[in-house]
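These are the structures, in C-alpha cells.
Below are two complexes that have chain A in common, paired first with chain B and then with chain C.
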Partner chain A sequence: MDADRRAAFLKQLHDAVVDMDEEKTPRLCREALEAGIDAYTAIMQGLAAGMDTVGRLYEQKEYFVPELLLCSDAMYAGLEVLRPQVKVGEHEAAGKIIMGVVEGDIHDIGKTLVKTMFEAAGWEIFDLGKDVKLERFAQTLRETGADVVALSALMTTSMMAMPKAIAMLKAVDPKVIVLVGGAPLNAEIARQYGADGYAPDAIAAVETAGRLFTKAA
Partner chain B sequence: MHPMTSRERTDAILAGKPVDRIPHFPFILGFCARNLGYPIATIYSDAEKSFAAQKMTFEQYGVDWGPLYGYASYGTWEFGGQIDMPTGAYQQAPAHKCFPVKAEEDIDRLILPDVRTAGCLPIAMAFSRLQERHETPISVVMGGNFTIAGNICAVERLCRWMIKKPELAHRILRLATDHILDIVTHWVETFGAERVIPQFWEPLASNLIISPRQFRHFVLPYLVETGERIQELGVRHVLHHICGDQNANLPMWAEVPMGDPGLCSFGEEIDIDRAIAVLGAQAVIIGNLDPSLLLTGEPAEILERCRQTIEKGKRAPRGFMFSVGCELAPETPGYHLFLVQKALERFGTLGEP
Partner chain C sequence: MNSETVQVVFLPAGLRGAVAAGTRLAQAACDLGADLQNLCGGQGRCGKCRVRIPPGKAAENRLSAATDREIASLAQAERLDGWRLACQVQVLGDVTVEIPDESRTGRQVICKAPGLQTVAPDPRVRRRTVRVGLPELASPLADWERLANALTAAGEARIPVPDPAMLQALPGALARSGGRITPLLDEADRCIGLLEDETLPLAGVALDIGTTSLAAYLCDLSSGAVLAMASAMNPQVSFGEDVIARIAHAASVPGGRAALQSALVGAVNRLLADLGAGAGMPPRAMAEMVCVGNTCMLHLFAGLDPAGLGRAPFVPVVSGPVDIPARDLGLDLAPGARVHLLPVVSGFVGADTVGAVLATLPAPRDDRVTLLVDVGTNGEIVVAHQGRMVCAACATGPALEGATLGHGMRAAAGAIERVWIDPDTLDVRCRVIGDAPGRPVPARGICGSGIIDALAQMVAAGIVDPSGRLDRRFCGEGPLAQADRLAFVLVPAEQSATGRPILVDQEDVRAVQMAKGAIHAAVRLLMETLGVDRVDRVLLCGAFGSLIDPASAVVMGLIPDFPAARIQAVGNAAGDGARLALLSREKRRQAEHLARRMEYVELTVHPRFSREFAMAMYFPHMRVTGTVVRRARG
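After this line comes the complex of A and B, so read on.
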C-alpha cells in the first residue's frame, strides 16, 4: 500500500474516534486490516491519535464528559477488532498501571476516563473498579509488579482512605509511583498524603504518570 | 444591634432586613452524626435522631438556619432503584447501588413515584414535621432536575443519550421534573406555601461533566419550568445548590426563577465576587469555603480563608450566608468548625443598620 493511502486510512480512523462514531470505527479497522495495515500501527496512529485529539479538545473545553465517553466507546469498538491481530511480544506496553476508586466511593466516571486515556497511550491496565478495598490495591501490586498505581476519590471522606492506601502500596514496593486524583484533592493534599503525583484530570494523569515513570527509569 | 437568635437571623435575611452578623448556613450532615456518636446512616434513616443531632451540633457551633434532610443521590430509590446507606469507614452519604434504568426499555416501565410512600420521602416528611414543630425552615431537599435524571439512569448513560438519543434524555428529565413538582405540591399542601423552602442540589450539571451548551439545552428549560410552577404554588423562596465548577453555567442560572429573594449556594470552585456579580441582585448568596481545607488545613489558614470569604460575602446586596462549598467531611476536626464560628463573630458582624 502506498504511503498516501495508508495515511488516509489512519486519518479516517482518527476522525471516526473524534466524531464519536462507534459503528464506523470498527468497520474502518476491519478495512484497514484487509488493506494490509499493521494492527499496532492502526491502534497507535489511528485510534490513539484520535484520543490525543479528543484530549486536546477536552482541555480546550470543546469536548466535555459526554463527548469523551462516546469517543471512548468508539475507540474500544475499534480496539476489539485490532487487538487480537497485534503480534504477541512484538510491542512493549508503555508501562503497567493499577487503577481504582478507593473504598467507600462509587463515583467512577473520572476513573473511567483516566482508563481510556491510559489505554490510548499504550499502557497495560489493571482496572480494579470502584469501592476498592485498600488491601486489594496492595495485593494487585504484589501480583502484577505494576509501575504506577492511580487512586481516585470524589468524596472528601473517601479521600481519607488514600494515606493508608499509599502507605500499604509503598510497603509492598517503595519505588511504585502513586498518583491521586478526584474533586476534593489538590497537589498540596496529595503531598501531605505521600502521593508521588496529583492529576486534576484524565489527560494530566497520563502526562504525569509518563513523566514520573520516565524520571524513575 | 442586639445579638439575634438564629431564627431572627434567618427570618431577617429572608425578609431582606439587616442582620447582626453573617449567618452560618449548615452543610454538615455526617459531621453532626459523628458529633453525637451516631453512625452516619442515622442522619438519613432516622428523622428524630437526625434532627436532634443537627440541632445540638448547631447549638454547639453557632450554626443558623435549621436542620436539613437530604442527599445528592436522591431519585434512585424513589424511582425503584436501590441505594446503600453509609456504613463503611470511608463513606459519607447514601450511594447508588442499582439504578432504576439500566437500558432503554426500562424507561417504558418507569412511573412517577407516590410522594407519600416512595424511597426516603416518608423520612423526609417526618423530618419536615420536626422542622415545623421547631419553627425552622421547612426545607425539602431534592436533586435538581438533571441530577435526579442522572440518579435514575446513571450519569454516564444520560451523557451518552444527550448526544446519541436526546429524546431518551428528555423523557427522563420530564419524569424528574414532574416528580419534583409532585413533591413540592405535597409539601405545600401539608405545610403551606409560605413555610416551604425547597432545595435543589445540582452537582451533575457541573462543567466538570457537561458543557454550557448542554446545560442550556438539557438543564435550563427544566429549571425554568420548575421555578415558574413552584412560584405559582405560592412558594416564596427556592434554594439552589450550584455544586462543583459551574462557572460557565452561571449566567444561565440567573434566568431561573427562584423567588424573592432566591437562595443560591455555591461550590468552592466559584468565586464569591463573581457569584454576587451574576446572581447577587436576585438571590441571597451562600458559600463557599473548601471543605477539604477545613478537613486538612492549619488553623491560621482556615481563619484567614474564612475572613476572605466573609469579606467578599458582605458585599452581596440581597444578603450572604457563610457555608462550606460542599458537605463538610464527618471527620473534620471539631476545632476547625469552631474556627468558622470564631471567624463569623470576629469578621462577620455588620454593625448598626
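After this line comes the complex of A and C, so read on.
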C-alpha cells in the first residue's frame, strides 16, 4: 500500500477518536487491517495519536470530562479490534505502571481517565481499582517490578493515607516513581508526602510519568 | 522565639489581640474572632482570604515572605499594594490588617421561612402553673417536695422527678416568683425547668444545621405558631468548606473535633439568644430542641467521631434518633431540656433529608411520582412513588451555593441573585441582594441562584455551547487572569463594588457542570432504580439567597425536563421537618419510620454512574442535545 493511502487511513482513525465516534472507530480499524496496515502502527499512529490530540484539546479547555470519556470509548472500541492482531513480544511497553484509588475512597472517574491516557501512551497497566488496601499496592509492586505507581484520592480524608502508602512502596523499591493525584492534592502536598510527582489531570499524569521515567533510566 | 507574642489588629471591626509570633494570619483571625473566609481550609487554593496590610504601616520584616501560592493567586501590583492571603502569611511583628468586604463571610440572607404544613400539637413536654407555699417550722418540707406536692395536688397523676440541674435554680426561682411558678415537665414526669413568668408560652426550638448556614425557629408547642426565627453562618466554615474538610480537621488536628463542636455550640447559643430577644423570653425558658442536619453536622454537634463518614463504606456512629441532655452540649436551654436529633439514612443522606421528606411527602398511596432535590454543599435526591422511596447523595461541592467560583460568594448583600441576558444584544441585567427601588446595591459577587440563572441565560443566548465551552466571540479575555482564560462579564469593573469586573469564566462553568451533572445523573439513576419513567412533582429545596428559578434549573439541566411536572421551590423543607417533629411526637415516630424505609443507593459504585454523570454535564443533557459538540474544525 502506498504511503499516502496509509497516512490517510491513520488520519481517519485519529479523527474518529477525536470526534468521539464509537461506531466509526472500530469499523475503520477493521478496514485498516484488511488494507494491510500493521495493527501496532494503527494503534500508535491512529488511536493513540488521536488521544494525544484529545489531551491537547483538554488542556486548551476545548474538551472537558464528557469529551474525554467519549473519546476514550472510541479508542477502546478500536483497541478491541486491533489488539488481538498485535504480535506478542514484538513491541516493548513504554513502561509498567500500577494505579488505583487508595483505601477508603471509591471515586474512580479520575483514575479511569488517567488509565485511558496511559493506555494510549503504550504503557503496561496494572489497575487495582478503587478502595485499594495500601498493602496491595506494595504487594503488586513486589510481583510486577513496575516502574511507576500512581495513587489517586478524591477526598481529603482518604488522601491522608498516601504518605504511608508511599513509605511502603519505597520500602519495596526505593527507585520506584510514585505519582499522586486527585482533587484535594497539589504539588506542595505531594512533596510533603514524599511523592516523586503530582499531576493535576490525566494528560499531565502521562507527561509527568514519562519525564520522571526517562530521567531515571 | 516561640514564646514571643505580637499584636494584631483587624480592620474594619477593630478586633485586636496578642498571638504567638509565627502564627498564620488566618489562625489569628479565627482566634480573635475576626470575620474572615477560609473556604479551602488554609491550603492557599481558594484565594478567598485576601487581606491587605497597608504598605508603610507594616515593615516588611513583620510578615513572612510571599509564598508560591500567593504569587500564583495575587497580581504583582496587588502584592505591591499590600495584598496577601491570610492563610499563607505568618505574623512576625505587630501588624494592622484590613479585611475587605469580599473576604468576610458576612451575614447570609437565607430563605428559611418555615412552611405552612400544620400538625396537631402533641409535644413531649408540658407545663402546669402551681402555687408553692413557704416552708414552716412546724412542717419544714424541702423546696422540691413542696413543689412536687403542689403539682400532684393540681392534678399530676404521678409524683414528678426532679432534674438535678433544675434543682440548682429552684430556690432562686421560688424566691423571685413569690411561689407562683410554672414547672416544665416531660413525658417521663421529670421536672426539667421552671418558668417564673406564667405568661410565657411552652416553647421549643427547631434547628437546621447546614454545612454553611444555620436556621432556628422558636415555636409555641401548644399552638404550633412560630414565635421567632434566626439564622447565622455555620462558624465551622472557617475550618473548611465541605464536610470532608471538617472530618479531616477533626481527625488530624489535636483537639480538632472539640474545636468544631464548641464553635457550633457557641453559634447555636447566639441563635437562642436572638430567638429569645425576638420573642421576649430567656433561652432557659425554652423546653426542648429538635435538630436536623446532614449526618456529619449532627455528629459534630453531638460530639460524635465523624471519622467513619470520611472513608468507604461511610458509616455513621448511629443512624437512629438520639436524645441528648442539652446541658451536655453546653446549650443554654431549660436546665433539664433535651435535644432530639432526627434519624439519618446513611453517612451522606442525613436528618435534613429525612426532615425534608417528612415535611413534603405525599401520602403513601399517592400515585404521583415525586422528586425531591436538596441542593447544598452536598446534593441529596429522593424519588418517591406509592410509598417506596429511594435516595442518594452526591458531592456537588459548593459551586451551586456560590462559593468557590472565581467571583462566587454566599447569598449576602451584594450578591447577584438573578440574571437576565438579552439574547439579541447580550445586554445583562442583574438583581442584587439588598437592592431597593432607586437605591441599587453594587454587585460584589454571584450567589447560588445567580449562577444557575446566569448559566441558563448564557446557554439560551449561545454564550456557552451545550458542551460548556464559552464562545470566544462573546467572552473577552479574562482581565484578571492569564490571557488564555475566557470569561463572560456580568458586571463591568466600573459598576461593581470591588472595582473588578464580576465575571463567569471557563473554570466556573466547568465547576457548575460537575455539580449539576452529578445531581442530574443521580435523578436519572434513582428513577431507574425505582422503575419509573416519569415525574409528576418536583420539589426543589435548599438555602439559597432567593429560590432557584425552576425554569432556569430546567434550561441548564440541573434536573431533567419533565414537561408535565409541576416544579415547586419549597425553601427550607429540612427546617420545616424539624419544626413538625418538635411539635408532634407522632411526626417523630414517622421520621424514624421514614428513615428506615428510605433506600439508599451508593451512586459512586453504580456501574453506569460515570457515564450518566458525563452526559449530564452537557447543557441541559447530552441526550437532549442529541449530539456531541465536536472540536471546531480549521
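The rule is short, and it goes like this: the second predicted complex is superposed on the first by the 217 of 217 C-alpha atoms of A that agree within 3 Å, B and C clash if a C-alpha of one lies under 4 Å from a C-alpha of the other, contacts with A are read in each partner's own complex, and residues count from 1 in each chain.
As a working rule, a residue touches a chain if its C-beta (ideal position, glycine included) is under 8 Å from a C-beta of that chain, and two chains touch if they have at least 3 such contacts.
Worth saying up front: this structure is predicted, and the values here are computed from it rather than measured.
Superimposing the complexes on chain A yields a three-chain arrangement in which chain B and chain C clash.
Contacts of A:207 after superposition: neither chain B nor chain C is touched. Judged by the touch definition given at the top, the superposed model places A:106 against both chain B and chain C. Once the two complexes are laid over each other on the shared chain, residue contacts for A:57 go to chain C alone; chain B is not touched. Using the contact criterion defined above for the overlaid structures, shared-chain residue A:192 touches chain B, although it does not reach chain C.
In the superposed model, A:160 makes contact with both chain B and chain C. Look at A:19: by the touch rule set out above, it reaches chain C but stays clear of chain B. In the superposed pair of complexes, A:124 makes contact with neither chain B nor chain C. Note on the superposed arrangement: chain B collides with the chain C stretch 345-353, while the other options among 345-353, 471-479 or 489-497 stay free of clashes. Comparing the two complexes, residues 20, 61, 64-67, 69-70, 103-106, 109, 112, 155-158, 160, 184, 186, 189 of chain A contact chain B in one case and chain C in the other. Residues 20, 61, 64-67, 69-70, 73, 102-106, 109, 112, 155-161, 183-186, 189, 192 of chain A are the ones touching chain B in the complex.
The residues of chain B lying in touch with chain A in their complex are 30, 86, 88-93, 95-96, 155-156, 159-160, 162-164, 207-211, 214, 244, 248, 291-292, 295-296, 326-331. Residues 41, 43, 45, 68-69, 240, 244-245, 247-248, 251-252, 307, 310-312, 467-469, 484, 486, 506, 510, 513-514, 602, 604-605, 610-611, 613-615, 617-618, 622, 628, 630-632 of chain C are the ones touching chain A in the complex. Contact residues on chain A toward chain C in their complex (touch as defined above): 18-20, 57, 60-67, 69-70, 103-109, 112, 131, 155-158, 160, 184, 186, 188-189.
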